[in-house]
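Multiple structures follow.
Consider the two complexes below, in which chain A is the common component and chain B and chain C are the respective partners.
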Partner chain A sequence: MSHPGFVEHSIDGLSRALEHALFSEEMARRRGLLQAVDARAKLAGLLVLIIAAAIAHRLPVLGVLWMIGALLAVLSSIRPRDLALRLWLPVFAFAAIITLPAVFITPGRELFVVPWLHLAATDSGVRTALLLLARAEVTATFAVLLVLCTPWTRLLRALRWFRVPREAVVILGMTYRYIFLVLETAREMFLSRRSRMAGRMAGADGRRLAAASAGVLLQHTMELSHDVHLAMLARGFRGDVFLLDEPSMRISDGLFAAVLLAGAVTTWWMGR
Partner chain B sequence: MHIPDGYLSPATCAVMYAGAAPFWYVALRQLRRRLSTRLVPLISVFSAFSFVVMMFNLPLPGGTTGHAVGVGLATTVLGPWASILAISVALAIQAVFFGDGGITALGANCFNMAIVGSLVAWGVLRLASAGAAPESRRRVFAAALAGYVAINASALCAAVEFGVQPALFHDAAGVPLYAPYRLGIAIPAMMLGHLTIAGLAEAVISGGVVAFLQRGRSSILPGNIPALAAASSSSRVQPRLAAVLSLLLFCTPLGVLAVGSAWGEWSAREFGDPAARQRIAQSSGNQAPPDVLPKGMQHLASVWSAPFPDYAPRFIRSQKLGYMLSGMFGAGIILGGSLLAQSLLRIGRRQERPR
Partner chain C sequence: MTAPLFDLRDVGYHYGSQAALRDLSITVHAGERIVLLGANGSGKSTLLRVLDALYYPDAGSVRFCGRELTEELLLDDEFCFDFRRRVGLVFQNPDVQLFNPTVYEEIAFGPLQLRWPKEKIEESVARAMEFMQVEPLRSRPPYGLSGGEKKRVAIASVLVMDPEVLLLDEPTSALDPRSQSRIIDLIAAWKNSERTVITATHQLDIVEEIADRAHVLHEGRIVAGGAPREVLADLELLDRCNLVHRHRHSHDGVEHSHPHQHTHGSHEHKH
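Take a look at the complex of A and B:
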């Protein structure tokens, strides 16, 4: 089998993005702890936990926060296997590549020497790398829990509660909606090209094809923006943005946010 | 270049959010005024496009492939303010939805790629394509160069943010708490990939798309969207800019409150002064400066003598007044140079316009 070219890579990337979106929507529809909580309480609580992880300087503290994340995932019908495959392993691989040299170049007490390469790992280097790895895993876990367990529209309306400007919220919402249309258009463009290709394309031809595809997509996008604008005007849009208010929070939602806040404060106190 | 959560300290993240906020505010205000009802659909749909273009796998010379951020293309088509918003929105969705880039680091990522990237791309584009017709080959070159320089400027910002972490945030034993590499390692490591692969990808997509649009005589060729072009060259922000600049000028005497001299900015004279030598040693981890002034430093110190040494013109007695005058003089030179460059560009454009 021949080595896949850039067209196949682009199709793969675009398909993965669409598949990820479907997976997230399916997760947000499931019954579970986080899915049942008000988006504002979830956003506030999980953001506080992300900040707690970002300021944590001790590995046991990050371990406790990671366990809180894993527990919340299980209680929200997200299988640890899904989380491991989609999040923990990719984050580990990325962070490991970045932190590995730090194990050897950070000054400190020598722990062991890698045979043949004669590289000496130091205690400070190992600690730095582990801290960075653990922090990256924990913060990514909370961020993903927030996204997987909250429909995008609810998450955006929750942003208004944090005084994010109305226009920004509406733009984020519309962008998310049109991403799928543009993704699908791009995927179809590459698929139709692939179906008419035999063999591999030379580098210069490939670059011309990629630029032309982006150019066509850009033209589509600008026409689409014009059509959307006209459709909005036809429906009475005069530049003022209105959003539906979220229903008021229940006591249980407030309690949930308070518990997460208490957890974050406790871990911060432990890590002082 | 998408910095994940946990690599930058919360303090750095807060500073980067604070640094990005004024640009978002100005961009939103500029575009709201110029585009009115077109703002929301244009930025939304273009952000979706930017998001998708970031996923294109581009074949590069040498047989490798790379991804572009699309900041050069966005600035070329939309101008800097709309590009700042469109790329920021695309980055926000990438961070929140796909976990590509962190939520706490979103301010830093937007600052590096959307803000620095767009403004640098705009500057390069203006310089390289001054007076060029929309269909000229120079426009293609300018777009490619703008993309290349912009992505490298963004990468340099990210490298500096990484590189200052070990010096600023470490524990009592000196173990780095966040990104572990110093500037000397972070900058070459980051720039190597961007000067080669990522920079080329950005140049290919920016230049390639402009060339494609030129072939089709597209109506969306750079500079053809009047409302955006007007927003980019709007002069209504200037009175406010002048007010802020004046305020900063009046704050310049604050500089005299600082004691000692900035680290690494010692004059040749200070190496011979025992009190100054002690201050240098204290601020350098108790490492004494060399007993004899290094030859190179001695030689270069006599090459140029500043008209206002230490921000204090010789004819002014008061240090505060001298400081303020130096600030006004410096700002005046910059503003004068900028006005001169603008007039030269305007004259050049008028001469090249077909009669």
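Take a look at the complex of A and C:
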């Protein structure tokens, strides 16, 4: 069996990204703990946990916060396997690249030397890298839980409730709409390319195609995005987010936010 | 005497250095059904966007009920809400008009922006969905719909606000014959109603059914206007504006060509 070419890879990747975007919307409408909580309580509670993780200086504390995140995911009908594949592994790979230099450049007691490169890893370096890695995983987990378990319009409404400037909320709203346009347009571009291709594309040709496509795609989707904004204005959009069922904060929502706040304060105190 | 609904005087609009509309003047009265005929790139869509106060002309003026449409005027909440409720635009590409997570939210978007009461929104959305036969799609993400379904949802999302003025940009493009026929019947049914309908199209076979007046746009200018029958009879003009194609064939061994249009699905023509 021959290996798929550049165009096939691109189509598969774009299809997966579209599925991922739709998966988020579907997840927000499932039954679960976080889905049942008012968006404002969720936003406040998870935000303080993110802050607690960002300022924590002890690995066990970050471990506890990570477990809280995993527990919230399970209680919100999100399988840990999905989180691992869609979030933890990609964040690990990305953060590992970013934090790798810290292993060698942070002063401390030498642990081992990398053969050939003669780079010495230090205990402080490894600890710093692990801390950064753990912070990235934990904060990303809480942020993704917030987005996965909240319909986008409710999240935008919650941001406005917290007095986030209207312009910022409009940009976020447009970004969300832009994602679908970009992915769909890119996929169609590559499909049309495939329909006119015979045989496999050489590596250099693939790279040239990618560069050319990126420019055309950007221009095309910018135009589409402009039209989306016009279509929103045409129907009375003025930058505010309105919902058919205006959310009302219940006691349970307040309790949820309070519990997360208490958890954040406790971990902050323990993680100093 | 009441002011015309729209009064455009010497309107010009440019995309960068490229002129999309030039010295364009047109008056539209309430209750009229008008068709803007033009080939691709003739300026039809731009004109509809100018009428919907999405684009502001860089020359001339656009008046709505006697008031000049300017960016400053549209910043006024009271006027903006009133204008957006009264004037609805259906875009040519339904994808740009569908940006909500579900079909139901999509159709409710306009009324929500206009801050209608919840009961009124639910009632209007239900009516619009039933009318455009999109009720079974209510929980689906618009992204995943077929072209025809998207178009029907896009039209429903404008009809839900029951606008007095409907601006339709190629409303029957990308629709199957049955859906096309439904849209044409819908516009035809608005004859003698209070509703003003301005349709941009290059489909000549639907003009007589959906309009009482037709204007031909060519390179950003209105080059002809009048009763649809008269405009459609001027084949030389339509040929010059790329609205008909030249038909080549032979009679008794002599080849000749002439402008040719397909009206009401018929290929017949006089020689």
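For the reader, a short list of remarks on this structure follows.
As a convention for this text, the second predicted complex is superposed on the first by the 187 of 272 C-alpha atoms of A that agree within 3 Å, B and C clash if a C-alpha of one lies under 4 Å from a C-alpha of the other, contacts with A are read in each partner's own complex, and residues count from 1 in each chain.
Heads up, the rule we're going with is that a residue touches a chain if its C-beta (ideal position, glycine included) is under 8 Å from a C-beta of that chain, and two chains touch if they have at least 3 such contacts.
The structure displayed is predicted, hence computed values, not measured ones.
Of the two partner chains, neither chain B nor chain C is touched by A:118.
More residues of chain A are in touch with B than with the other of chain B and chain C.
By the touch criterion defined above, A:81 reaches neither chain B nor chain C. Shared-chain residue A:153: touches chain C; no touch with chain B.
Of the two partner chains, chain B is the only one touched by A:51; chain C is not. Of the two partner chains placed by the overlay, chain B and chain C both lie in contact with A:224.
Once the two complexes are overlaid on the shared chain, A:181 sits against chain B and chain C alike.
Contacts of A:234 after superposition: chain C is touched, whereas chain B is not reached. By the touch criterion defined above, A:25 lies against chain C but remains apart from chain B after alignment on the C-alpha atoms of chain A. Looking at chain A, you'll find residues 152, 181, 224, 228, 232-233, 237-238 touch chain B in one structure and chain C in the other. Considering their complex, residues 18, 22, 25, 151-153, 177, 180-181, 184, 224, 227-228, 230-238, 240, 242-245 of chain A touch chain C.
The touching residues of chain A, counted against chain B in their complex, run 5-6, 9-10, 13-14, 17, 20-21, 24, 47, 50-51, 53-55, 57, 87, 91, 94-95, 98-99, 101-102, 105-108, 124-125, 127-129, 131-132, 135-136, 138-140, 143-144, 146-147, 152, 155, 165, 167-168, 170-172, 174-176, 178-179, 181-183, 186, 201, 203, 206-208, 210-219, 221-222, 224-225, 228-229, 232-233, 237-239, 241. Residues 4-7, 9-10, 13, 24, 28, 32, 36-49, 51-53, 55-61, 63, 65, 73, 77, 85, 89-90, 92-93, 95-99, 102-104, 171, 173-181, 185, 204-205, 207-209, 211-213, 216, 218, 220 of chain B touch chain A in their complex.
Those residues of chain C that touch chain A in the shared complex are 49, 52, 54, 77, 80-81, 84-85, 88-89, 91, 93, 95-97, 99-101, 105, 108-110, 112-115, 118, 121-122, 141, 143-144, 157-158, 161.
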